[in-house]
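Two complexes are shown next, each including chain A; its partner changes from chain B in the first to chain C in the second.
Then we have the complex of A and B:
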């Protein structure tokens, strides 16, 4: 009984120290008291379930600098926390903070959690760049299905630098007037041919 | 004549050297005792000599753990941001990498109105934007747009490739 009480006390101290660490973060002072209270609550909840908190703080600070109202900032932080949770469900509990952030970008670009899970299955290294390329292609107007299909084809063997170069090549073609889906398809074929030079 | 005298001297030396040397029976024992005594004296020096080896082993273990030769996630290569804004009086770069604080990454202009700054970035994905004259938000035309804009003003994203990304 005594050891249980000691254990609970220790846990309480740890939780209090974590909370006070958040409260002592000088960046929170940039939020008005009402916003700070709500954002702190969301961040505490995220921390409790093991989600990264830095992206949430950054989103709140972005809102403050852009002059957004309290409700909008809190809603943005809450929405990001939910999406980080969805991304983690798809990518697995071992996903890094950078992977989760890139996963959120891919989800918001229109990729499904199934695509994220397939990428995790196909690519045995960090997914940050692969997910970012997917989201960036979608941002350039490539239909998300085409972007997802291309990244899934490249994912097993391409290096991060290759994925970035693929994205740049597609962007160049789009800038020169190619339809985004066609540019993606052509560049994917070229990349596949380059990977297998013996093929006709 | 001189050759004859030399050979005579040599013969005499050889004869002298060939005479058996008389040694007492305890000579071998005395020599072995001296050698043993010398070894015992030098033993503590050998113990002291282990410390450099131990230090080297500890250093080797520390290097194995720290592996400073490999690229670390906290290595932040410089990344240059550029905006063409000929009529701007000031441009600040703000983003996830500087806590959205305009004072942290002010940009410098050339005569042609090209504003630039360099920021060290660890591998990862960052949202950012340019704040022109303290009031006008602009996204980076050279970078993908951020699709998940929650605050109604344009932002861009940059993905820094590297170990840890």
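Then we have the complex of A and C:
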């Protein structure tokens, strides 16, 4: 009996928090009531486990803009919440919201959680741009393992600007006809290359 | 040829070291073998080393010198050029000048193989009494993938060690294989050379890699079956410590063998130098450029450019020829459509606050469908359409 009461109490709290969250954020008003309830539940669950909620709200709002149905919006938000959780497991609990979003993009591009964890290990600066570059390269057609290897090589020392420059160079080469994997390798060599030290 | 007086106590050419030359060839080979490169892939590097060295040639006292070494490399679609020069002034007051040039042409891939024809020339002088030169033609066939490769090469030419003596013919043959794992390149090479009545064989292992921001390079080799070019084991290492994008500190040292082709004698050295290095600038165009034959309508040719303003805000510019109305929506607009202002006949724009990170967006032209414009990375969205992503670093 006590357990039942506790469950009911918990459910009540959840519902209250859902209503509270939905009531506090005017953006929820763009969702129809049914969608709002489901999306709010997912978002509050995410908040409970410490995941960033803003990307989830944005995903729901994107669905509204594009006229998606309730089921599709809820599924999209739920899928993103799951992916954010996977990204956080790989990147660590200290990962920022931007890093997690970039991590999701990389995961969806085909990178494995192991690669994300290796990036975290190798790069002590923010991972946002590194992960975005990884996702970009994969989206351009670079095989994911090649893209991951390239970013992992650059990750320890390259600045964000260097990574962006690297991505631009690869992108431009691909646009002009170079095979994606080859363009990446060449740019990687060019970036990492230094003239051989001279002997006296 | 036995080492004799240090008639040419300076041999600054990076190309006179078999291992280093081979490593340079790896870079060239990888660069040229990997792809049908377009002209846009051409890269140019320039370096200038200024430093001091202590050199001890075999059988002679150590000497200290100050050196200035400019270098230039260019690699393009089917050709590459490398040039080096050195001005060195010894503590004795004697000076040395040296210059070398290597140019090569690389064929298109044929059944996984490429051919390369190279010309290698150089000249040097020490004080006012020693002059040397060499001229070599080399043919190489190579095969390479992303991570490994091999080649066979043969060369022939002439070299001169004294202005009063006739030049001597030379011929070499070599085979090498390399592999790359992440930032580490490992090269194994073996060669046999004939220079006049001198002949010798070299085998070597060269490694180049990175640890943190440090760049490391080392070579170990052995000379054997030698007549007139010495024998033994040699090795050298260098570490490059970047100070910033353009400057680095270079420490190197080791022992290297006699080079009968270019006129240097065996010795050991340590050196420290400041290196200025410049790389060809990459155009600031941050987006994919239009293909020349791309249809020129608004939908297919709309291009987004993202630039951060000095104020910290971000300028979004859309090139949309013939468009009458351009709207943008993304996670930075709460996915609410925002009308862009026309900034020229073909461009539309807005300056707005956008946080650093990865952002998603779509574009709508003249009230049509939401699209992912060029200049963004197009990904499959969760709503059955394409979404454009971009990074604000």
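Everything that follows uses one rule, which is that the second predicted complex is superposed on the first by the 172 of 200 C-alpha atoms of A that agree within 3 Å, B and C clash if a C-alpha of one lies under 4 Å from a C-alpha of the other, contacts with A are read in each partner's own complex, and residues count from 1 in each chain.
In the analysis below, a residue touches a chain if its C-beta (ideal position, glycine included) is under 8 Å from a C-beta of that chain, and two chains touch if they have at least 3 such contacts.
This is a predicted model, so every value here is computed, not measured.
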Point to revise | Three-chain arrangement built on chain A, chain B and chain C clash or fit | key: clash
Exercise for review: Answer with first, second, both or neither: which of chain B and chain C does A:82 touch in the superposed model?
Suggested key: neither
Review point. In the superposed arrangement, which partner chain does A:135 touch: chain B (first), chain C (second), both, or neither?
Key: both
Check your understanding: Which of the two partners, first being chain B and second being chain C, lies in contact with A:98: first, second, both, or neither?
Key -> both
Point to revise | Partner chain(s) touched by A:117 [first = chain B, second = chain C, both, neither] | key: neither
Review point. Who does A:146 touch here: chain B (first), chain C (second), both, or neither?
Key: second
Review point. Is it chain B or chain C that touches the larger share of residues in chain A?
Key: C
Review point. Taking the two structures together, which residues of chain A meet both chain B and chain C?
Key: 27, 55, 58-59, 61-66, 68, 72, 75-76, 79-80, 98, 101-102, 105, 108-109, 128-129, 132-133, 135-136, 139-140, 160-161, 164
Exercise for review: Would you tell me which residues of chain A are touching chain B in their complex?
Suggested key: 27, 55, 58-59, 61-66, 68, 72, 75-76, 79-80, 96, 98, 101-102, 104-105, 108-109, 126, 128-129, 132-133, 135-136, 138-140, 160-161, 164
Point to revise | Contacting residues of chain A [partner chain C, same complex] | key: 27, 55, 58-59, 61-66, 68, 72, 75-76, 79-80, 97-98, 101-102, 105, 108-109, 128-129, 131-133, 135-136, 139-140, 146, 149, 152-153, 156-157, 160-161, 163-165, 168-169, 171-173, 175-179, 181-183, 185-186, 189-190, 192-200
Check your understanding: Residues of chain B touching chain A in their complex?
Key -> 94, 96, 99-102, 123-125, 127, 131, 137, 144-148, 150-153, 155, 157, 159, 161-162, 164-165
**Study point:** Residues on chain C engaged by chain A in the complex (per definition of touch)
**Key:** 10-12, 14, 17, 20, 23-24, 27, 30-31, 34-38, 40-41, 43, 45, 47, 49, 53, 55, 65, 67, 69, 71, 73, 84, 86, 88, 146, 182-183, 210, 212-213, 215, 217, 236, 238, 240, 242, 248, 250, 252, 254, 256, 269, 271, 273, 275, 277, 279, 282-283, 285-286, 288-289, 291, 329, 331, 334-337, 355-358, 360, 370, 377-379, 381-383, 385, 387, 389, 391, 393
